[in-house]
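One chain, chain A, appears in both complexes that follow, with chain B as partner in the first and chain C in the second.
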Partner chain A sequence: MSTLRIEVCLGTSCHLMGAQDIIDAIENLPPDKRSKIDLRGVTCLKTCRKGPNARVNGIILSEITPERILTVIEDNLA
Partner chain B sequence: MQVSEVTKIRRKVLAEVSRMALEGDLVENIADILSTVVSEDGPRYRCCVHKERAVLKDRINMALSQPIGTPLTEAAGRALAGERADLPAVNLLPEACDRCPIDKFLVTDACRNCLAHNCIASCPKKAIMVVQNRAYIDKTACIECGMCKRSCAYGAIIEISRPCERACDLKAIVAGSDRRAVIDYDKCVQCGACKVACPFGAISERSDIVQLIQRIKAGHSVYALLAPAFIGQFGPKVRPEQIVGAIGRLGFHSVREVALGADAVALAEAGEFARAVPAEQPYLTTSCCPAFVAMVEKHLPDAGERVSTTVSPMVAAAKTVKEEDPSATVVFIGPCVAKKAEARRYPDLIDFVLTFEELAAMFVGAGLNVAEIEAGAHISVASRDGIGFARAGGVTQAVCDTVAKLAPGAELKPQRAEGLADCLDMLSKMQRGSLDANFLEAMACTGGCVGGPGTMADPRLTAKLLELYAAAAQVAAAPDNPAAKAENDLHRRKNSAG
Partner chain C sequence: MNRLYPEIAVAQISKAGEELCGDKVEVARTEAATTVVISDGLGSGVKANILATLTTKIASSLLKRNVPITEVVPTITETLPVCRERKIAYSTLQIIKLLPDCMATVVEFDSPTTFLFRGGQVVPFPTEARNIGGKAIREGRLLLGEGDIIVAVSDGVIHAGIGGLLKLGWDWPGISAELAAHCSPSDDAEQIAEHILGCCNGYYLGQPGDDSTVVVIKLRRPRNLTLFTGPPANRDMDEQVVKRLMGGEGKKVIAGGTTANIVSRVLGLPVTVDLDYQDPEIPPIAKIGNLDLVTEGVLTLTAAIGRLHDIRKLRASTRRDGATLLARLLYEADRIDILAGTAVNPAHQNPNFPAQINIKAQVLANLRNALEDLGKRVTVEWV
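Up next, the complex of A and B:
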């Protein structure tokens, strides 16, 4: 079974805009879903002014919210 | 502790203001913030883009430490010239206040139009009647005494309060004649709890970042006094050395630990305790939390003499710096909004106060990414207990350890209070002598300083990381710390009002 790779930016700009909330949302997924996600922190995705940013399957998502990352996860795991 | 949309807007404004001040085009570009932060197609939090921009103007004035209503270019010019308006630390942005409903008592669907009608019977103003089979409160007659709520057997009448009012333990927020919230500064102690609570971001603290940036740019020796709660503020992966390194890159001359000031405070406070309790007074309270100290002054002045005369760790650390370098510009960096008010009492010692949030905004404005900073050397010279001041229970531990070492005969019976309601309650009990305690640790914020309104990390996480950081300290308690002893004697509190 393949896993979904999500890289969340932990740089200062993204941190200030709530990157930790994105990480918490993923960490708090039920175990069956959480286990399908390869979560990593990166230090900058070079899109600082549009944070918080995350890269899912190689695509950068900007100004994400916890709700949106969960939707993206649903869509990708379906 | 989720970062809300209003928090994001506030942070964006601070970061943009910092960036412009650093790049030197603040006056020319300040108005751009109105369109970059609230864009035409962005998400809407209020009725229209115009309303959002009106709010934003208030916010920018706050970020520049200028009175609300100052035209933006004028405000920017004044901030660049180093001017700071004489504003309280915590201010209400009138445009942003949504005038949340203040019909305090509300009859809900649970009302069964019972025969007892306790509500009607108990209302001293005859403001309750039955309309369409249900109790109805005549708002023009209601005096909001709450008798109806208390008397209803079904609990069908509920009390609603505004988030800001509810957050203020000292009842310093009232509804003004236009239903907007108003802060009563005779009662307010600038703790910042209301700022965190208002879902419209209508309460904000003033910020001196531009004035500080100008000072740095002018080549002054600017010292950072970093409060121990800084651990983990930039995310659990960022190391303390990286934060210290980044502060240096902003142009600060050096970074000092407030925790070392805390060591000196522990020594002074323990000494004071051993001398005065019980010989001169029945108990002693801490004095490190400025919101608590102000609370005593404004709400329970009779207990004033029980508050330790020791200065706060911020002031202790500042004294050391100013003695070493009288030309120093001293900047406290911490989790606290009330420190902004405390600093105004010590104009000769503290020049600026930044919250961690403001520091982060300055980093972003300067294009500094703490996560990518090469970690320099940062070795703490504070004791484990000094670092521990940042969390609830920390001061008690430090004072207990110090008393045990220096005055082993003294009997210390500690009591703790977190949150201003709790502080007021405990303090009144101690005043009445109804608590078996002779030392009160009083913190306005839940969790202690790590739970302050200027933080960016979950207080529970910060407390854990702090614990680890403290455990790595060279010495456990202040009396073992030669660096702290040297400073001890200077730290009597100035008895000025303000």
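Up next, the complex of A and C:
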């Protein structure tokens, strides 16, 4: 099983829009799932207006919520 | 830039039961000189505090206007009331003036002899008796060097423990021996001041019989810091500004995600962001090569200003969030050069955000004020 790289933007705008909740949602995944994710923080992805933003396997996802990131993880790890 | 920097610390306790300290210390730093004026008002409490405040204020404002010490002293001594019974002035005066070339002048009027702590030895700062306007003062000049430390104390420290733990009080030789034995030229001015005051309070068994003040001035190499925050207006300037940052002396700090990305690109070094939220309010810090600190921008700067308003708490804090780390680095620096980018930050244009984060200039103005209040020299260059 390959790993999923998720880079969550921790810049000003994304921070204010709730980037930490995205991190928390990923960190709190059950260990078998969590271990398949390469989670990193990045600074400004230049899509500030639509934050919080994350880059999943190279693709920027905007206006993400904890629920949405979990769905994306499910879909990608399936 | 091999001028030495006078690091100054003041530690004080009031006489037991008094809210106000009757000793007053005024520190003024200008381009031309650094002056420290210390006054000990006769007695304690409000009256002593008012007299001492008056004395230091008059003296330091005259000195700031470059009035020579030989005129400042008689002005003060003629203005000050004299106690009718004891025939002594209502407050003492001690002036320490340091020129940028490290020439130090010390003037003592009824105050304890100033200590000179040099190469592990403690000696009286060399002065000669002089008569200025009918008043006996002591005055001396000496060229100081790196690592030299001047310590001034008020009467309360000299008399610590009198009639109690120490029959005749701690006294000058006692303090001098303590300095030589337990303080080191590598200590901060603050550590030395707190140590001596701590001993003083100990000899008083925590019930000081008089207001007590310790002032420590240490000459050391200046500590510089360059802070780069916000992308330059024009992308073409990125390289040049990063060069400026890297070429500066001392510590290097970046505040801002986009700014970090610019530095990373120009230097060809990756930014690695910490995922740890040490403080939920402050975005995590990042790392680029061996830069001293990389933080988020406006939120962290604003919080750092808040931290700088409570230095005692900052010093004691073990928190490692971006704002605390930034505030500490700024606090430890003497001279801070800020390179402030003027590009419009898309992150700050979100209409849902509070208005204050749009005002970068305001944040930097507040930062500058907070740092200048702490005696730092600050320059801001808009790029």
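In this section, the second predicted complex is superposed on the first by the 77 of 78 C-alpha atoms of A that agree within 3 Å, B and C clash if a C-alpha of one lies under 4 Å from a C-alpha of the other, contacts with A are read in each partner's own complex, and residues count from 1 in each chain.
We adopt the following convention: contacts are C-beta pairs under 8 Å (C-beta built on N, C-alpha and C of every residue); 3 or more make two chains touch, one makes a residue touch a chain.
What you see is a predicted model; the values in this text were computed from it and never measured.
Student: Thinking of the overlay built on chain A, is A:P66 touched by chain B (first), by chain C (second), by both, or by neither?
Tutor: Only chain B; A:P66 stays clear of chain C.
Student: Determine, under the contact definition given at the top, whether A:G18 touches first (chain B), second (chain C), both, or neither.
Tutor: In the superposed model, A:G18 contacts chain B only, not chain C.
Student: Taking the superposition as given, does A:C44 touch the first partner, chain B, the second, chain C, both, or neither?
Tutor: It touches chain B and chain C both.
Student: Who wins on chain A residues touched, chain B or chain C?
Tutor: After superposing on chain A, more of chain A is contacted by C.
Student: Identify the residues of chain A that lie in both the chain B contact region and the chain C contact region.
Tutor: Overlap of chain B and chain C footprints on chain A: residues 10-13, 15-16, 19-20, 41, 43-44, 48.
Student: If we count contacts the way the header does, which residues on chain A are in touch with chain B in the complex?
Tutor: Residues of chain A touching chain B: 10-13, 15-21, 41, 43-44, 48, 66.
Student: Would you mind writing out the residues of chain C in touch with chain A in their complex?
Tutor: These residues of chain C touch chain A: 256-258, 260-261, 271-275, 277, 280, 283-284, 286, 296-299, 345-350, 353, 357.
Student: For the complex, give me every residue of chain A touching chain C.
Tutor: Interface residues on the chain A side: 9-13, 15-16, 19-20, 23, 27, 39-44, 46, 48-49.
Student: Residue numbers of chain B touching chain A in their complex, please.
Tutor: Chain B residues touching chain A: 2-3, 7-8, 11-12, 15, 234-235, 237-238, 246, 357, 360-361, 363-364, 368-372, 456-458.
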